[in-house]
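Below are two complexes that have subunit A in common, paired first with subunit B and then with subunit C.
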Partner chain A sequence: MIALAMGWLTREKHSTYGLAVTRMILGFIVASQLLVNWFDRHYTWGDGAVWTQPVRDAKSWPSFLGLFEQLGGVAFDLAYLGTIVFGVLLMIGYRTRGSALVTLFLWMSLYVSSPFVGSGGDAVLRMVLLYLCFTDSGRRWSVDARLGKRRGEIRPLVPEWASSTLHNLATVLIIHQVVMVYVGSAFWKLQSAVWKDGTAVYYPLQTDAYSPWHDLLQPVYAFGPVISGATYTAIVVQLFFPLLLLYRPSRFVALILITGMHLGIGIFMGILYFSLVMIAVDMILVSDRSWLRAEAWVRSRRRVTVDTL
Partner chain B sequence: MPRVSLRSLFIAVAVIMAGFQLVAVTLAALPPNRYSDAAAPRTSYLAPYFTQNWRLFAPSPVAEDREVWFQGTYTAADGSVKTTAWVDWTAVELDLVQHRLVGGRAGYVTSKLYGPLGQAYRGLGTAERETADETPQDSPPRWAQLRADLLAGGASPGRVSTFLLYEQATARLATDVLLSRWPDRELTAVRYRLRSAPVVPYESRSGTAAERAASRPEATERDSGWRRPTPGTAAERRTVASFDRRHR
Partner chain C sequence: MSVTSTDMPAPRPWQRRIVVALAVLAVGHSVVLAFWLSPQSPVRQVIGGRALATYVNPYFEQSWSGLAPNAQFVDESFLVRAQVRDDDAGKNRVTAWVDITAAENDALRHDLDPARTHLMARKLATNLNGAMFGLNAKQRALVRETYTKDPTTLLRGRLLAAGADRRAAVETYMTYDLMATRFASMYAQARVEGRVIAVQYRVGRRTVPPVSEVATSSLRDKDFRWFTFGYRLGYRASFEAQSAFDDYVKD
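Up next is the complex of A and B:
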């Protein structure tokens, strides 16, 4: 048993394709989110957020994350652009481990500069990004992988068994973290009458902050079956997520349901980036075999399209 | 004694550390229970980086519009003291959220300030809350004076400090916002209002727009005491004013 576990841990790196997808989406989230917020960047994290200083100083973040707090004007903009660039490098997988580390540092420095901007999505993002630094997330579908193929194998600095151990343990911790988000959240929901009576989803959908389309979609939000269906689906899928992962067909169903749930939350509640972070991490749960099948399908479709043209 | 190879040692340490982290995250992520509470001293290392707070609209989902408003007093040309109109700053920020597929991150700043601001206030005793609320409009106290007044009533120093740091931050934003609306006015005092407007009750969801609006329970409001205006740097004021122009 121990030998089997040691073999699983040290012989090969698991979920390399899933991690590549997670890496690409997380890099995209960092880069695109900063681009979307470009025009309001100074109010959100820069000079316009200095009023938060008394609260910021009371938080226990280490001082080395104070980069953006120290910068203003053009220097702030350059660091902001640098974060976008490193997000893109992480997405395409160029010098992946280094890009992941720098992206994490810059993103965290930006995050701590305004205590009233962070969200649950940011919390998951920072935890997963840190774990990602211990994985070989650039092994597949990356610029590094292409360069590696072209120049051939380079003798690694760290023995393969050590790097595989860290990679696999970090992957387990990422999956565990996302499972705990779902299970913890489901347990909180079970303590509330409105979640149990199937009406909970209705309330945030009536607020200005968490319902960007409520003036247009009011008839839908007033339809009881839609509300109770969404409420119960959220509880059941989150609560039984770890159990559904154990069996391949149910895992497939769980991933479809949870991805649908996230897209719904993201679009209808206006928190798309939180949803994208969770979808990114869920992608690790798709097996390497399934990703390879998907890749083969995309390649065959591309060939058919080229032949037709 | 059996010889331990570097490889075995490395793997054992890595597995133990990962296992410990896995158990700590599990205990911290669950709602309060006797096992998590007992382990709390050993899982405290998780904060702030690995803080596990996955309430996500639970147990009670947000069911009201939470707004932060600002108002100030200023000296008019004739020497009299006048009061500005209230500025609903949350409404300005929500321009980044309404009808947008990807909302701006600044859309939720005062929505997120609302909770801790009220919590810090409720952390004070009844007498201290009165002291904080009844500061004079014509000569708001300095922060050191307000602290001394609150402590004189026997309030916990920790709670007073927490209250004051949120008040200081909010007074500074209030000043920047009011100066953005009325740059030529010389502010003499500022204050904020926390307004909570419950949503249409579930039972009334199918009515007409007018019926639904009428069915909303009455909003609750709390006005803070008057605080000394605390203008930010020129760059800070420019940024707030530019944000205001784009989204008001």
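Up next is the complex of A and C:
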């Protein structure tokens, strides 16, 4: 058993394709979030965030994350643009491990500079991004992989057994994080009366801040079967998520349902950022065999398109 | 498919020890995070909530409510008005109330991935409402007094005298009083000609009516429960900070 675990940890790097997809989506999220907030950057995170100082000081963030708090004007803009660039580098997988580390540092420095604009998605993003730094997420579907193919194999700095161990343990931590979010969240919901009576989804969809389509979709939101269906599906999928992962066909169903749930939350509550973070992390759970099959399908479609043209 | 190194020799004993140590670290880390998020349990009591917090905060901090956006079931509101000095005319005037959250909610409408800043005033209102619910009735009356000449440190002393058992709630309130004063001052200054010398804000909350009343009542028919605060001395921000507000508010 111990020998098996030792072999699993040291001989192979697991989920390399799933991690590549997670890496691409997380890089995209960092870059796109900063672009979406570009016009309000000084008000949100820059000089305008000075009023949040008392809460900023109360948090025990290390001082080396104070970069954006120290910068103003053009220097702030350059650091902000730098964060977008590193997010893109992470997405395309160029110098992946270094890009992941710098993206994490810049993103966290920006995050701590304004405690009033964070969300639940940030907690998951920063933890997964940290674990991602220990993985070989640039091994597949990346610029690094293409350059490596052209250049040939280079003797790695870190021995393979150590690099594989770190990669696999970090992957386990990412999966543990996502499963913990779902199961714990389901337990939390089960303690709440509105989740048990199947009406919980109704409430946020009535509020001003978390219901951007309220004026158009209120008849749907007021329709009982839709609300109870969404409420109970959310609890069941989250509660049984780890069990559903164990068997390949049910894993497929679980991932489709959970992705659908995230898209539903993101679109109907106007918090697509939060949903994308969770979808990105879920992609690790798709097996490498399935990703390869998907790649083969895309390649064959592309060939058909080229032949037709 | 995994990256396999089939020709790799089995790890040596010292390598195995490092692998085991790393695995133990990872498992320990996972267990701590799981206990942090678990409900109260005997195991958690043995480890101690504070010991867990020291490890988890701030980087690994997470909570179910934060990770479950569907926990939202209220509208919250932040309004501000200001006393403005017109130096040319040598007169003071009071502006109308400005509903900042209403303007931000308009910006959220029909947007899938809105700018984060539109939720800022709402979060300030959420925290101020929470701080007020932590105070007793006498303390809630005290915050309605004006502090434009006296510093708010006097308010802190009076709040503590009115409820010494609520020290943590008073400290929380004073923190948000300071931040709301700064935010309201900068926001008001961005909207008016003249110099903001004092600001007053109020926060409201209204709860979504039960789903059983869907046919007869909607959230928009409900009145807010308001907390109004006394005037506070206006905060003069740096040129750069005020410019950031000017650019945002005037757009």
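We adopt the following convention: the second predicted complex is superposed on the first by the 309 of 309 C-alpha atoms of A that agree within 3 Å, B and C clash if a C-alpha of one lies under 4 Å from a C-alpha of the other, contacts with A are read in each partner's own complex, and residues count from 1 in each chain.
FYI, a contact is a pair of C-beta atoms (placed from the backbone, for glycine too) under 8 Å apart; a residue touches a chain by one contact, two chains touch by 3 or more.
Everything numeric in this text was worked out from a predicted model, so none of it was measured.
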Joint occupancy of subunit A by subunit B and subunit C, clash or fit: clash
Partner chain in contact with A:Phe28 - subunit B first, subunit C second, else both or neither: neither
Touched partner set for A:Asp288, first subunit B, second subunit C, both or neither: second
First, second, both or neither for A:Phe240, with subunit B first and subunit C second: neither
Which of subunit B and subunit C A:Arg139 touches, first, second, both or neither: second
Contacts of A:Phe252 with subunit B and subunit C, given as first, second, both or neither: neither
Partner chain in contact with A:Leu9 - subunit B first, subunit C second, else both or neither: both
Touching partner for A:Tyr94 - first (subunit B), second (subunit C), both, neither: neither
Contacts on subunit A seen with subunit B and repeated with subunit C across the two complexes: 6, 9-10, 33, 36-37, 39-40, 42-44, 46-48, 50-55, 58-61, 72-73, 116-117, 119-120, 123, 126-127, 130, 161-162, 165-166, 169, 172-173, 176-177, 180-181, 184-185, 187-189, 191, 194, 199-204, 206-210, 212-213, 222, 267, 270-273
Contacting residues of subunit B [partner subunit A, same complex]: 7, 10-11, 14-15, 18, 21-22, 25-26, 29-31, 47-66, 94, 96-113, 116, 162, 164-166, 168-169, 172-173, 176, 199-200, 202, 205-206, 232-233, 235-236, 238-240, 242-243, 246
Of all residues in subunit A, those that touch subunit C in their complex: 5-6, 9-17, 32-33, 36-37, 39-40, 42-44, 46-48, 50-55, 58-61, 72-73, 116-117, 119-120, 123-124, 126-127, 130, 136, 139, 160-162, 164-166, 169, 172-173, 176-177, 180-181, 184-185, 187-189, 191, 194, 199-204, 206-210, 212-213, 215, 222, 224, 227, 234, 265-267, 269-274, 288-289, 292
Interfacial residue positions of subunit C with respect to subunit A in the complex: 1-6, 8, 11, 15-16, 18-19, 22-23, 26, 29-30, 33-34, 37-39, 57-62, 64-76, 101-102, 105, 108-117, 119-120, 122-124, 175, 178-179, 182-183, 186, 208, 211, 214-215, 218-219, 235, 237-238, 240-241, 243-245, 247-248, 251
Complex contact set, residues of subunit A against subunit B: 6, 9-10, 33, 36-37, 39-40, 42-44, 46-48, 50-55, 57-61, 72-73, 114, 116-117, 119-120, 123, 126-127, 130, 159, 161-162, 165-166, 169-170, 172-173, 176-177, 180-181, 183-185, 187-189, 191-192, 194-195, 199-204, 206-210, 212-213, 221-222, 267, 270-273
